[in-house]
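Per-chain residue numbering starts at 1, and chain names A, B, C and D are given in the order in which the chains are listed.
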Amino acid sequence: MSHNTFGHLFRVTTFGESHGPALGCVVDGCPPGIELTEADIQPFLDKRRPGQSKYTTQRQEKDQVKILSGTFEGKTTGTSIGLLIENTDQRSKDYGEIKDKYRPGHADYTYDAKYGFRDYRGGGRSSARETAMRVAAGAVARKVLPPEIVIKGGLIRMGDKAVPDDVRDWDAVDNNPFFAPDTATAEEFAGYLDGIRKKGSSVGAVIEVIASGVPAGWGAPVYGKLDAELALAMMSINAVKGVEIGAGMDAAKLTGEENADEMRFDADGKPEFTSNNNGGVLGGISTGQDVVVRFSVKPTSSILTPRATIDKNGKETEIVTKGRHDPCVGIRAVPIGEAMMACVLADQFLRHRGQCG
Amino acid sequence: MSHNTFGHLFRVTTFGESHGPALGCVVDGCPPGIELTEADIQPFLDKRRPGQSKYTTQRQEKDQVKILSGTFEGKTTGTSIGLLIENTDQRSKDYGEIKDKYRPGHADYTYDAKYGFRDYRGGGRSSARETAMRVAAGAVARKVLPPEIVIKGGLIRMGDKAVPDDVRDWDAVDNNPFFAPDTATAEEFAGYLDGIRKKGSSVGAVIEVIASGVPAGWGAPVYGKLDAELALAMMSINAVKGVEIGAGMDAAKLTGEENADEMRFDADGKPEFTSNNNGGVLGGISTGQDVVVRFSVKPTSSILTPRATIDKNGKETEIVTKGRHDPCVGIRAVPIGEAMMACVLADQFLRHRGQCG
Amino acid sequence: MSHNTFGHLFRVTTFGESHGPALGCVVDGCPPGIELTEADIQPFLDKRRPGQSKYTTQRQEKDQVKILSGTFEGKTTGTSIGLLIENTDQRSKDYGEIKDKYRPGHADYTYDAKYGFRDYRGGGRSSARETAMRVAAGAVARKVLPPEIVIKGGLIRMGDKAVPDDVRDWDAVDNNPFFAPDTATAEEFAGYLDGIRKKGSSVGAVIEVIASGVPAGWGAPVYGKLDAELALAMMSINAVKGVEIGAGMDAAKLTGEENADEMRFDADGKPEFTSNNNGGVLGGISTGQDVVVRFSVKPTSSILTPRATIDKNGKETEIVTKGRHDPCVGIRAVPIGEAMMACVLADQFLRHRGQCG
Amino acid sequence: MSHNTFGHLFRVTTFGESHGPALGCVVDGCPPGIELTEADIQPFLDKRRPGQSKYTTQRQEKDQVKILSGTFEGKTTGTSIGLLIENTDQRSKDYGEIKDKYRPGHADYTYDAKYGFRDYRGGGRSSARETAMRVAAGAVARKVLPPEIVIKGGLIRMGDKAVPDDVRDWDAVDNNPFFAPDTATAEEFAGYLDGIRKKGSSVGAVIEVIASGVPAGWGAPVYGKLDAELALAMMSINAVKGVEIGAGMDAAKLTGEENADEMRFDADGKPEFTSNNNGGVLGGISTGQDVVVRFSVKPTSSILTPRATIDKNGKETEIVTKGRHDPCVGIRAVPIGEAMMACVLADQFLRHRGQCG
């Protein structure tokens, strides 16, 4: 993995800023002969696309993906797949404030510290638009995976409202603007976020992503652990501050008796576990249970309340970040988390096949 | 990063099982001219070493490290550093039960699923002994880092006992057997863990690792984020189930106003932040604040209470894991977490210097 | 390095086929603050571009490069640089023969063997058009290198005509259609290649690439040797069958006395060598002398004389490859070799700076 | 690939100097369940071992390999394999001259230029002893490869004596001290090298390595080409200055008609080629023919004739390198070249299986 590349055998390299001409990515290592057209990718981009409800930014980006290479007659050739999305809504505006002032909670200050200057238009490379290419690559990854693997994601917490632990109605996810796996909680979210939005504030979220159908045996001990790579993948998403597998941080509160997932055989004589505290991963290798990952997304720092900051000329000042921002960026992180899950699994699948045949 | 390699420019590759003749690692990419002898490494290994109090396993391993290459006249040469620890306490015993039964919560089942068989002696490669080499490599990494960088780790939660959020007495860490950054809580831990230990049970923990003195500008946007690599590093430690940066999972509960770390100049005219919800990382790049990571360690699954399981011959059974186990493996994870922090920082330091001069 | 990525800290990932909509590449790891616009890249592409004399293919590709990301106000930002060239001359034609028959000397058979099928239009990914992106990336690499480093390439052999060993007139290179570093030999080449071309035949070539101004100390022992990476780089160019450093294959014919490059101090007290059999590299590390690489390019297999072959339906047959082909593809390999030299040096430069400061 | 690591899925990381306590390597990514004991590795080390005839250095190193990890009950477990060879013949001697003077043709000057100082004992990391670990890793790689793949190497040129192009008597290789694939030429070599040796001189060599039984389809287009990785592998061996695949540098002298390897079906209906100018690789992918690589090894620079040089204190001087050196280091490069071929093929095999199933 390098600065802009993710993965090993299934590798994704992205480029592009929100205010340049285009975003793109290269998917390398995809097996040959897989049916792939733009129609396999576009629905996932549409799901991530902003401006679909009042709860996400009102910027309008069509996010129309083009496959530039790597397919022939509708099938992957085994060579590198180039994907491109042209930027269409680069609304010309006055960047005056952002140009010199460091927005608290944004990467403005750290970019300047690292590189000596920065592309301040729309956050440059730290813009959430980069994640469009993750979603596109994730759509390719899904096609690489065996069809029995199903990846589902949902927003399970927003501020202090949360989907109860024992409720996961995955069918509900596509029927509310929050991707919440529970209709009742979605209604709570609606009222809650309306309040946040009207105040010009923002709020954080927790996303859960589950992959079912993953066979036992994917992953590796030590540094190539399946869960370690999921942690890398999720923490690499903008604004993510925590990643959990299975029982997660609360594993610290459990005793050995509570935590140990006991084993039995199911009716078909297949091994099964009576619980899934381990989130489908033991010793870095999949158990055959659902792989369960959660991650937190911090509230966007673009809010209407003025915050104290400094500018690059050495003056203390304050800033209000106007513009078309998401009151809860966590919502749009749902398809991104699903995409990263798909990329990690596709990579581990190919590596497992390489080593173990 | 490969299965047994961690890092990019500063790279660590480990090998060895608990019941083989030795453990070892290769540290590649270390800058030349750094003073390094075994005496720089041994104290960290001694800290991780088991058998030092009644709260850790009574196995006795001297963990005596030897430098096999890469130094000359007490200085690193810039070539690969080979480190070796011979195993001395390979108590011969009857592995009969473990050999055929899958211990719940261990990697037994997943190793068999992946590789078709496994080295069942002492957990093979999934043994915590692998982490001795992480600690050794981390000691080298610390020497690579500028001296103003100080890395401190502590155990801040054990089961439902926790060091209060506003208490971090780092001087206390070396004065209690739990590496707790608070003497009062350490006393609570003592009684609590005595109870756990006597029941033959075990309990989870949360470890916090802080690096102070890291300059602003280390890390990279997108996939090479400093926090993403810390997540990979910590989640790759045995038994870790969650990783947090700064506000961590609780970032989900914050509003934008609460979360935004405001900026001011300190008395010397240096930028400072009025809070550190971001844990010293914004947009994947260090801010100059303390880098703050926490991770949870699940309770060891080796407990005296019988648990239901299956064996590899297709029979349902139960298992009791006797032996010399840690009632709270999280304790010994403290120096390991510090070592992984050091390795990630050393790697990011060299990469930053490579790209930005 | 992966299938479609070259380099470590300075990394190039390419995609695109000759008959798809576009070619592209991502240049990752470029230092920030370097002046870079399309005008820095285009001249090198123009040099590689076909159709400029009767000695290269008459296909017309404008090879107009666009920078899609990674620069701001004319300078690199330190983030990934996306480059794109749209394909304009995708002459629709009948691929009937090529579709089913394996052209001897081409990758047709091996692609089918590997992937089960292939994009037969214009050679797909094995088309020399891929090298346009190497040239573009090489232009970026040149800007990363210190200005005292000058990279020059020339065609020094074509069939049995060769530039004498003691003649290297680098000023002549741009004044003849063969990039020959000798005007007299260029005239020989002209008559010779006219004959080849009129017969519908083709011929091989040797290219020499020299980098002067490289400081002593770049490279690494063992697997990261400067010369080993140059060998990888040059052998990865289409149709290359041999790579030499310094004395090259003829080093086998030398005695120790003849081969040893003796050392003295020059008038300024700087170390100098009295010869350069080692081609500027000792133990994998640059000596401060010119880095000298040569590589052979086989004759293109697209010739008018029928050759025996088989088709994918199991029949023996023969094939004549008509079309707009280069009688000596080695000519256009000159700027490609220069580009690969630049990429290897830029990567080693950044890695050296990373490790040694 | 990093400084001391070779390969991608099948990865070899080495450490150790000739005058330290031991050499070692870690072989990562080996498939599980392969029978492997020291007895599978030792014969290849014995073949490379010096002191076996008057034509190689009289240093005595037993090169006894120990497997430290990664096997269980005689089979690979799929985890990292640690290999160790202890140094036994570290004859204490006066390094006075070598310590300060730069031996022409050695890496002394470049190490100092890069690292600021060097381990001058026995060449430090640039010692040919590093190659013992390549040979050990190559022995593991051979076991990973399907049994029908046979790797043979021979010395085909020494100075101006050469095995005729049309003679390759592989059975002769083990019956002469030069690994020459021709008994008659071996006799010529004997007299020739006796003369060289008695003069205290040295001479270069060309080694040819052939892999038969490689199926069509291994390798990849563009940067992961099978032949490009062979070039990297061979050029990374000490003292190698040129690498050729198939027709090699002489491909430049051929016409398209001569070069094109025509195709037919053999008696069993399998595709076959009527010649092998391409050395078993087309477009970076194996054709199913023999994979044919040649590389040149320069004469060792340790000779008895004084050569002009400088010392690190800025003085011009001369040097005679006494000691126990090989008059033709190319001889011992034969098993090393075979080992690198095995490593490249094992890595490509696993990567091919990963991507294409």
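One rule holds for everything that comes next: a contact is a pair of C-beta atoms (placed from the backbone, for glycine too) under 8 Å apart; a residue touches a chain by one contact, two chains touch by 3 or more.
From a predicted model like this one, the values you see are computed outputs, not experimental measurements.
Across the two interfaces under comparison, A-C and A-B, the one joined by more C-beta contacts turns out to be A-B.
For chain A, the chain whose average C-alpha position is most distant is D. With each centre defined as the average position of its C-alpha atoms, the distance from chain B to chain C rounds to 46 Å. Rounded to a whole number, the gap between the C-alpha centres of chain A and chain C is 39 angstrom.
Per-chain Cα centroids separate chain A from chain B by 26 Å. Among the residues of chain C, those in touch with two or more other chains are 2-5, 8, 14, 29, 32, 78-80, 114-116, 125, 221-222, 356.
Residue ranges of chain D in contact with chain C, taken from their complex: 1-6, 8, 14, 102, 104-107, 109-111, 113-116, 125-126, 130, 157-160, 196, 201-206, 215-225, 227-236, 238, 241-265, 269, 271, 274, 277-279, 281-288, 294, 296-303, 305, 307-310, 314, 316, 330, 352, 356.
On the chain D side of its complex with chain A, the touching residues are 8-9, 29-32, 78-80, 221-222, 350-351, 353-357.
The touching residues of chain D, when paired with chain B in their complex, are 2-5, 8, 11, 13-17, 20-24, 26, 28-29, 32-33, 66, 68-70, 72, 75, 77-82, 84, 114-119, 121, 124-125.
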